[in-house]
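Letters A, B, C, D, E and F mark the chains in the order given here, with residues in each chain numbered from 1 onward.
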């Protein structure tokens, strides 16, 4: 039987008594001036993170659980330097199967298997045998597929929830397909292959077991460089994959952030690469704005200030709008 | 009977004798150190512009034609400071109906009436009565419609030819319609209205009688500010147009360049404004790249350096590509 | 009889009991996990804003007052996430005429009628009949004049107080007049007209009934675009106003922020527009620095760090300086 | 008897025979592949510079004149890589007193002695004895005064002619005086001292004997750093000059470019420094625009594109304007 | 007998009772609404700064100590606007010789006399007599040497501790020496002279008696401008110092920040200046990263986010690394 | 017997008759308005490139040689749009072994085998067995070694000559070694491995058979992404290479341009990566400045304007300097 959370970090206020389950995101042993050890912790759940400190019984607590484990915590909320900080009285490990994962990581509201099936159905319609073989190599890699279905698309900003990578990829593929039909002279096979693969490096750039964060590899190499290597590894398994086509596919990954300043070593230099970047920007931005708007108090006509986009957004009729869009991104009647 | 051009400016080399028709783009009387007058001219045709100078018989020549007139010119091409410069022996005005306008201004390859009909058909499908009335006010304004069918979308860079504004607008409306269907929660009526109207200020920002240039009003106010005034003028003729809706429509025009740095006094603050900006960017960029690629020598796999986009573009198979896209922008089989 | 404020928001510290009048700047009904409603509020006075929350009796309190109303509040100050937050026990509406407006909005220390008279006296000295007619059209519009006398020049940074727009406008006109006399070849009539009208859009960009904030129209269109429309509306009422002069006047408004990055769709392209921008920058900056210096503790020789201007300012002799400038901006003995 | 120029560099076209006097701006001996020497030269006059090459009799020519000398040149104009290049047949030195200096360096149209007298008259009105002593130390330094009267204010862009530094300084002082009167609380003595001294480093940053160029010291240190040293040198000669006042004066020089990006190690941090920067910007910009407009063909309503300011300028009525401003900068009726 | 600190500011938490010695960094008298005075203070020690307020007995306390004095304080820690603030009950001056200076200002762990000796030994190896004389003039200036041994290299970021300037200078000189040997054609004497003198202005830019802050002169002029003046003052005492060499040395100081945006009025224009800038950047950056890493909790593999460098740093094996580098910067076995 | 060049492109002037060998860099067939074909060509040698056109006998000429071939050309130099253009009368292929390669591509003045031996000797001193195995895998790959010895380090700017990559790599490794010794706590093995491998991707990014240009792969992926793949390919051949160490090595390649804006998807996040970037910047910059200075006319004290570095460089004593640095980069006596 799984245990439900009673109280989420975002709701905890100073002076509150807390008895709940969290992810142990960080654990460090420090030493007071008198030489005695104490623990500084970071606890997490799907609503955010919170610093915590534990003064007593620390050796046993430290041994009880490691970073990434779930822990049952008793404590009292205080404030330290302007943030809530929990003073922990007791801490004990909780088995992963005893918790509801959805309490710790936000998850897409859409069905992952259906999204994957839809995505694979689109890739079935490609004509280029090399590109079909490349995508098939990914689809037949069970480890990859499992990661790809679960991974978020980002740590924050857009599609930052389990399944977000698949949701973002599917939405982009469907949108790219429409745009390829709108403009003549676009290599649809290439564009859709790029749309499927552009962010595959995120399955290794991000860790998302119990909370979303960057992996060491992700911080050192970026999902662009990881993705190119993953594609190169698959291409090596396919006979007679043309070198020039390989370079074109990798270029789509390399350039999909549009400009060097956002992490693309080269800017888009083909029509398909230009379109892929634009489609990525649209889909990421629309999702980001929606997620941001969703955090606003009902009834407000303007959101708070969005730091990265540097503006407030206008919500002319938030209630009516919500009913008008029941299917979410990419939900165009299918 | 109209007279055809024999030689275009882009092809004229030093030492060549020239006898042909040009637009008189600029005409200035200057004075030599000995006190005698001479004329400095700029001549144009659809392939570009060329400086010219006339030493003799200048009073009569100066009186014969004004800026914007067509002129029959006899002269010899020389070089001055690294550019071709024509030394003119004689110059005479030619009536506008005696020339082939297509020699002087590039024109869309698509049919303006068909494009307009297609555009109006789409706007017929809107549901919001105020927005329908607003678009109807534009469609029933014959002066505007005539300008809107003829205007280019830019002086250079993208859709810089007669009919380019209509072609760009239609392509955007069709693409915006697809994207509105892809994402739930988008106000299709508002987005399509913005797509139709976002660049209407260009009919006054640009002059395109015999060559494309900015008007004084265009340089002083920008098509964004002119467009807002044109929309305000039409809204004034419509009873009970809601103020808040008027602000929303104007916001689409105001923000469609996306960031202040590109001339939008405010960035997009609604979902529709964000999408409109993105669609504009896609359509302008795809057209710009195609126009740029089209100027390259057949067979090259890389274009020259594009100064504004700061890169070379890759043309994997130019010949094959051209056949693959017979319908042009927005030509998705309808 | 009006009620005076006893305690301003900027002075309220945690744990303090509060019983005072505030503007109800925001009011939102939310729901606790147990399904019961609670109110989240933002309260304001001239010293700033403060979040507040109300747990009991919320239905009656919510019905008692709307956003923008004055309210008598009983509560206790606490801290939440590093800021003071008031827990409200009771809340009741207070009629607007029972409060001292100066407690809620800072106001210019100068006399609005005198400033307006001075400004109109200067515009009387213009020679160009069209420009005189344009300014007269504004002066004879009572609604406009009432707004123009009351409006602030900004939400923050410079002249952010009632009457600030008029004070800033007058100071600029007087300074522009001196500069026009200094440089030959400047069209004084045009420059002064631009100085009077450059910020008129702010009467609609900003709301300043009980606190200063942006209006929806202001956020969507900017005071530059609003101002151009206001000028266009007045010009439409004047017979034979030359189109080219209208474009020149609008250009002054359009370009007065100097560069696109600060919201001007076009940069200044005439001598008058260049000067207007410079005069605006001087007057805004000097006022901003003075307001900033005025918030510093007496005796300090350096101000705190000014985030926007990215520096500390030096105050060599604050006391002596204050006596030296009793008349404020533009107070050059007249 | 001085010899007048017949032909200026800006007017020389390819294939023209030239026999005229120039400044020998650069002279380098190079060696052909066959081992024989040839000379590459740069010749100058007030209209610009021109490359030249000399194939024969080079040893004698090389010995005849050094860089900075005036030379009588016979040659033929050709083109090399898009620019005019003179092939020199003969070259002989001309004594400096045999030429008209005004042919080689543009000069202010105003009287230097009158400007200086006006400037000194203003500085006489200062009250602070230390600042008066500082300015007096400059005025009594005959070497400095001679340089200050002759120096240009820049190599190009604004006041780039002999006497330009004095003209620019006087205009700024007069304008600063007006602005100091407009705003209360400004230390007029300090501001005017800064206005007089802000660019004194230019007398050593620029060389302007026969053509305007940077000196080695100017390129290595900048006029800001040179100016601070010049002021420090004068202050050392004055008894009891307060250290804090010295820092304030130097700060005005250090910060007068407004931002680090334009060469000020520190931005303006006092009201006087902010004003000094603004006044400098106004005066430099107005002069730059006027000089730029003056190079345009009579009758044009728009200038060419100004690369540094990134725009075209509008000249509504160039002819009328010229008559309206006979006195030039700072010519406010005195 | 000196008194040791018991509690450092960085460790003080809300609600704690404090009785300890601090530096009185700022002291301002303010007035409550009831007219009674109170004191707002800033207290400091080597771990940071803290705001404090004193309500009672303020006149006596204010008279007891001035800014920069050491004070014995009794009080209680509270929170105000998210930061710890001390409510002071009593405050009394403590003589400077009664405290341990190291409690108030962090100090280099290396021996200043040894570092200076090492540095002077290197400068002994120069060959250019003028440069040797210049350095000797500094070394024989006892006041300078005392300051140079004590000054920090910055207020924060890198080498922000007593002796940091000397440590940074020595490390740069040793590193510059190696690089001069690596590349041929480098003027070693000039480069090393620049390395020794590049930051000498910091002895006057920074105040570091009881805490590190900028001096008025430092904020108004910057250490670059101050340093140039100090070098000029020394050069004036040396017979026959060549002007061109003086300009070269000053250029090294002027340009050592590399670009105008970081406060260099001119960028490096000689090989030596380019190298000096690079060596400065390496040494400052390596020290900054080390100092930053040193503040992290033991065991972490990633540091927190470094705001100025905009990244997290990776610490693959912090423990092992520490043992591997016992000698610190420049400790290459000598 | 190889044929020597008689005339280099940089020396060809208009109207000259040319009969010499060039590389055929580009060849395109175009069609005149009369339907007849003509050839547009680009010819190259080590001094630059030149456009050419051929009007007659084009079919045979086109068949005679392909892009990249050496060709014997007869023609006459003209000018077209400000550049020299050759009108070709005849064109015939020349076998590659009949030309002196040094006429067509500039080459390092140092001995490639000696440089390689020196480099391998340094890598022999590493201790980490995995990194030694990685470098050994490169050294034992004969194809790679051959390319690595021949490749330039860039198309232009620095080390843009055959052997330049090896010369740059060796110089960096030697310099990095010194810096690793200067600072404690640096992982020398890792830093030197990064120095050896940071630019290996350039052997595929650049084509340098007969002239230096980017390859398709280079333009699409960048040498950073190519280099990471090359390292990944070698690591795959080594047993038990730790994943974390692989990520560290790849990070050195990924981040060596220092900032995203210069093409690094991630900035340096380890001490070794920070140092590698700095060493690369020093070595590239010093070489670039020297190459730039070397193109200046002997005797000049200032170079022309360097567009990318945006400054002139000072050459105090060019002649003396040249003798002082006989060994070139990295030539520190070994």
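Brief remarks on what is shown
The definition used in the following text is that a contact is a pair of C-beta atoms (placed from the backbone, for glycine too) under 8 Å apart; a residue touches a chain by one contact, two chains touch by 3 or more.
What you are looking at is a predicted structure, and each value in this text was computed from that prediction instead of being measured.
Of all chains in the assembly, those touching chain A and also chain B are C, F.
For A-F, the matching interface among the pairs A-B, B-C or C-D, defined by over half of the contact pairs being the same residue numbers, is B-C. Centre-to-centre spacing of chain D and chain E amounts to 41 Å, using the average Cα coordinate of each chain. The centroid of the Cα atoms in chain B and the matching centroid in chain D are 42 Å apart.
Residue positions 79, 82, 216, 219-220, 244, 248, 269, 312, 314 of chain D are each in touch with at least two other chains. Counting only pairs that meet the touch rule, the chains in contact are A-B, A-C, A-E, A-F, B-C, B-D, B-F, C-D, C-E, D-E, D-F, E-F.
The touching residues of chain A, when paired with chain E in their complex, are 26, 28-30, 33, 40, 78-82, 216, 219-220. For chain C in complex with chain B, the touching residues are 216-217, 219-222, 224-225, 228-229, 232, 243-244, 247-248, 250-251, 254, 260-266, 269. Put simply, chain E touches chain F in their complex at residues 171, 174-175, 178-179, 181-186, 244, 248, 267, 269-271, 274-275, 278, 281-282, 285-286, 289-290, 309-314, 316, 321-322, 324-332. Interface residues of chain C, counted against chain E in their complex, comprise 11, 13-14, 79, 82-84, 297-302, 312, 314.
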